[in-house]
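Several structures are given next for inspection.
Two complexes, one shared chain (chain A), two partners (chain B, chain C).
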Partner chain A sequence: MANIKLDIFRFDEAVDSVPHRDIVAVDVPETMTVLDALETAKAEVDGSISFRRSCRSAICGSCSMNINGVTGLACKTPCNTVMDEQGVIQVDPMPNFQPMRDLVVHMDPFWDKYTRLKPYLQPADKDEDHQTERRVSPEDMKKLVDVANCVMCATCYALCPVVSVDPSFAGPAAIAYAYRFIEDVRDSKREERLAQINEDYLWLCAHCYACSYCPKHVDPNDRIVDVKRATIKDRVMMNERGPRHALIVNKTVKQTGMLAETEVIQGTVGRFNFRGLLKVAPLGLRMAAKGKLPPPFVKPIPKVDEVRTIFDSLEVPVS
Partner chain B sequence: MSATLLPEDRPADSHKRSHSAETKRYGFFPGCVAKESCKELFNSTMLLADKLGIELIELTAASCCGASVVNDTNRDIARVLNARTYAQAEALGLDDVITICSTCTGHMRAANKELLENEERMTQANSILGKFGAKYNGGVMVRHLLWMLIDDIGLDNLRKMVVRPLNGLKVAPFYGCHIIRPEKVNGWESARNPHSLEDVVAALGGEPVDYAGKTRCCGFHIQLEKDGVATSMVGQNMRMAKDKGAEAVITPCPLCHLALDGYQQDAASRWGRTDLPTFHLPQLVAFALGVPAEKLGLNKHLIDPRSIMVERDLIA
Partner chain C sequence: MINHDVVVIGGGLAGMRAAVEAAERGADVAIVSKMHPVRSHSGAAQGGINAALGNREEDTPQNHAFDTAKGSDYLGDQDAIEAMCEDAPRQIIWLEHRGCIFSRLPDGRIAQRPFGGAGAPRTCYSADVTGLVILHTLWEQLERFNVKVYEEYFCTALCVEDGVGTGVVAYNMRNGELELINAKATIFATGGAGRMYAKTTNGYASTADGQAIAFRAGIPMMDMEFVQFHPTSLKENGVLLSEAARGEGAYLLNSAGERFMFKYAPNKGELASRDVVSRAEWTEILEGRGIDGCVLLDLRHLGREKILERLPQIRELALDATGKDAIDSPIPILPGMHYTMGGIETDIWGATRVPGVYAAGEVASPSVHGANRLGGNSLLETIVFGARSAKHACDYIKNVGSVKPSERTLKQEQDRIANWMGKSSGTRAPQLRAAMNKVMSDNVFIFRNEEQLQSAVDQLLEIRKQFDENVYVMDKSKTFNTDLVNTMETDYLIDSAMCVANGALARKESRGAQARTDYPERDDEKWMIHTLAWREQGKNPRLDYSRKVTITKWQPTVRTY
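Coming up: the complex of A and B.
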């Protein structure tokens, strides 16, 4: 048995204007989970401690919270992996959400973004008109099983630095779930779904891999890239900055072997988008004043033909 | 100072070459930005190599690593581009390749991992490389200069080489996502709580500043995507550093450098003024090892680091 001291964020939106912290000591075996420690604290010390939980085995996704500042499932985190020498473990509500009471947060923005996706199968015909079962080959199903493991715990959403400054971004889980239907051969709304997720700022993903800490190994970061590839393959909303950026980077790498910064900026913003270019101009001028502007043209690397052979062999759309 | 930095489960063979310490000869992949808008990074790296007594042999015919964007159109292209770079390194007898950019590090390592772990992908890459007579045999290891400094030079040696200690300059580390995440690709140190940059700053006589933003994202890859978002990510992180007393920032990534140095001014309207000067890792190490400040391109920074250096009695 270990004496675990839970350092708990306490807040009740109905009565408190500011949060405070309580330290609650419990005796539990140190191999028990943080959720076990919280349940013991609630049962034996203070019945008012509030947190979400249900399955206790990383299937329901309810108990995501910050444990020593790291977002994850309390039911999947043994105390002895996080407690310090004094047995202290800090628990806080997930970031990127409004706290409601103690470790419980308002999940609405997360669910709103999820329901916008119409997260259900939309086949081309009605089930009653469909004479046979809707078959999916093992290869096609293989693409979907990892994403289907998502338990919607919102760990990725809480970790996302883009959500933290701009809540209009769909967030990793919603994009991963969009992928689940975009790549489902039984679904008939691929185009609408791609357009929808593009409108919800698919391309605002910052490539930071914070969501690679998914407790269910869904790897939303990789699924986001898959949805971007599908967007370009199907040529959806190609005039937006995201696809334009991806294509101009490919183009300059194919032409010169290098990522040509100046051309990429012009190509992404739009060579004739004067308002857009004006917005990047102040930084450009500040850089020019310091002699730091990237060169207007980049000299191709030696043997750049080899790079072009690679692109041509893999049939990358460069336009 | 702790000598062991490495998590026990780190894949040993993907980070260490037994002979590299003796040969002191490395393949060098500078990446695009160090050749374009951050030339001061390239120059400081070469000056640092001189001081360290190592030879950095630039892979001059290498292409862009893919920069996480080439991936967005096609899953194979960046991998094969990097295989071409590795084939060039192998042909030159340079199997230990050093990078100076977090994004290059992560994407080159990811490509290498995919090639080494999947025969089909290696075959695909070599069938394309074969069209121009190249072949990758799978012998290259990619490391960031930061890891090489600690593994091959060693913090103790580095400390002994310091001729201009940083006089307790309070420096906040900013790692850049792709040198730590995903952990299964990098894995050289804990991605949750890395401390290699802190260790280097301390070895140089500076005072590392701990703050929550050090492993967060600078927003570089979405700077052009939607107005204000990446700028705000810069402001948020720099606010945290400033509130913990930082006087300057150090980063191993030129993309982070462009974001932090370029966008703090614009972020001030939402996050307050921070104005933290940002050093490229090799700049600050080279300075402490005696490279004259005027050779480090500090005048190229939008937030000039020289005033805090004067204040700290580091330069006149």
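Coming up: the complex of A and C.
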């Protein structure tokens, strides 16, 4: 047994203008999960402690919260892996969401990201007699099963720094869910789906890999890469800045071994997109004033062949 | 005040299947759920869903129906069983057409695995996350049909005016307001009641809500004494390890390392029906051949690859709870409360005795499971009876003009909550729930006898009285007041627990999941009848045995595996 001191974020949106914290102590086995410790605290000490929970076995996705500042499922986190020497564990609501009550947050913006995907199978055929299943190879299904493990706990969404600065970004979970339909051989709307997820700022993802911490091993970070690749492979929305930027960075690094910034700007904005170029001109002038204007042309580094060899061995053909 | 044609209470598999069916039929339908639909406990179902597709071996719906009737220890109503099994293949294909991600055979058809008590590999699956993928498929269809979901609305009461169901009262958890939701038809799909026991495979939300709400509105509970104890739950936290493990070939071992199941089920061994396996395990443990009160589930011989491909979730659940990796270590397990075969009495269309009120899924008892449910039949029941109840409801509402708003039910619920919220001292629900949990786990478990059951009945009545007189809610907030919700849930659980204990005490025989040590034989002469329990305010339920078991094809015979 251990004396666990839960240091809890307390807030009631109906009455509080600012949150406060309570420390609630419970004697529980130290292998108990943070969720069960919270449940014990609620049952035995303070009935007003509020949090969402349902399955307590990491399949319903209800109890994602910040534990010592890191987002995760409380039902999958044993106390002895997070408590400090005094037995203190800090619990807070997920970031990137508006708090409602204590650890409960408003989830609506997260669900809206799914609704925008039209998240349901749209097959070409209208097979309405339900007599036989569509044939799908085990390999094609396996790709989807890995993503289907997603329990929509929003841990990745809460961890995402891009969501924190631009809430219109679809976020890792919704992009992984888009992948589930994009890669479903039974679906007929691949192109529309790729276009939609591009409109929902797919390319804002900066690949920081914060979302690689996924309690269900869905790895939305890798699914974002897959969706970006599919976008380029299918040449969807190729006049948008996202894919153009990716391709031009790829091209200049491969050619020169360096980031040729002037060329990258032109390639991303569009060489003949005079209005777009005018928009970035003030930035260029400010850089020039500070003596930081990148050179117009970049000479390849010595042994650039070695860089190209790396590219050749890693590149996935995209067209 | 809110109005809909059809309102479905609960957003799990049965509720969503009902809502999608109603939406496809053009009804104005809404779901009222105490949580977002994808949080529902249906998602925790692991192993699979039965249908005689015959994708691996020849199979027929009639074989499926026979196995189900035998599995039910002949207490299941065979008309309902046949309806379910006949509809099963079409419903699985429906799910597949809607995008459900089933595992596949090399030729691209839906894969099937063997399950307990089944004569053929009949259980369609998606690795060991079958419930989750079906849950998502149905939620996607809600999105497609733009079905209104009253999310985080806790249904507190059923409205019945002039003998007809007229909707429900629901508590909006986000602002603490009670709302009257008028509906021409109401479908309960609130799931199970596992939380009446201390150790259960069920999540925190499985709290008998729909059962007790219907019970209080004058609808009888049926066969509540039949509680399934799943053979493989984790000792640490009660979490389920799917029957799929044994379906894929796992062994059950006692302290001597012996595969003991063949002593109890010479033909089927580990794949006997769940009541048989749980009793066998408990017998081994009682007779001193357990290990720290457990037996062992051994997957090692399946090999790493098969475990990771087909059973990844249960490997991780066992690892998280016990620190043991099933790939190289047997996992200690024991029987745990898993499923209520009984529930709201319905006919084969999910209709209750009150016109306009339906029930589907675990909350209901159309009696397809009788005295013992076969693995893989619960998901099937949710899908088949969700769809059937909505079909019947949509036909029923064609002849309903308008409904009378039940202001008196709203007032009654406002008073009930105000009473709890108004008190600042007394007994809190968690204490009463813990007392109930102990009574049930100690006295109404796998092996039962008169003395223990009588003691349970008496203690539960006392807990009921305590609750009615003394309970209060500590949290006074109107924002997401889960203390209030937990109190409601405890109120409902006590009602259901009383039905279980009273039914078990009165049924003087052993059948399926009810094993009476003082009446060890099945008694087909006296007990081929269902238990109906009617609510008596503040008293034990009144039991009624007017409903006989329906037999279409299969007369009861000796049941061996």
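To be clear about the criterion, the second predicted complex is superposed on the first by the 279 of 319 C-alpha atoms of A that agree within 3 Å, B and C clash if a C-alpha of one lies under 4 Å from a C-alpha of the other, contacts with A are read in each partner's own complex, and residues count from 1 in each chain.
Definition applied: contacts are C-beta pairs under 8 Å (C-beta built on N, C-alpha and C of every residue); 3 or more make two chains touch, one makes a residue touch a chain.
These numbers were taken from a predicted model, which means no experiment stands behind them.
Contacts of A:V136 after superposition on the shared chain: chain C is touched, whereas chain B is not. By the touch criterion defined above, A:R56 reaches chain C but does not reach chain B. By the document's definition of touching, neither partner reaches A:V18: not chain B, not chain C.
By the touch criterion defined above, A:K76 reaches chain C but does not reach chain B.
In the overlay built on the shared chain, the residue A:M1 is in contact with neither chain B nor chain C. In the overlay built on the shared chain, the residue A:L144 is in contact with chain C alone; chain B does not reach it. Against chain A, the residues of chain B that register as touching in their complex are 32-33, 35-38, 60-64, 66-77, 80-81, 84, 128, 131-132, 134, 177-178, 181-183, 192, 212, 216-217, 219-222, 224-230, 232-233, 236, 262-263, 265-266, 299-302.
Remark: chain A residues 12-15, 31, 36, 39, 42-44, 46-48, 50-62, 76, 100-102, 104, 107, 111, 114-115, 118-121, 123, 127-128, 130-138, 141, 144-145, 148-149, 151-152, 184, 186-187 touch chain C in the complex. The residues of chain A lying in touch with chain B in their complex are 69-70, 161-162, 164-166, 169, 201, 203-210, 212, 221, 225, 228-229, 232, 241-242, 245-247, 249-250, 253, 257-261, 265, 268-269, 279-280, 282-283, 286-287, 290-295, 298, 301-307, 309-311, 313-314, 316-317. On chain C, the positions that touch chain A within their shared complex are 35-36, 38-41, 43-44, 90-94, 96-99, 101-111, 126-127, 129, 132-133, 136, 140-141, 143-144, 174-175, 203-205, 236-237, 239-240, 313, 316-317, 320, 428, 430, 434, 473-483, 486.
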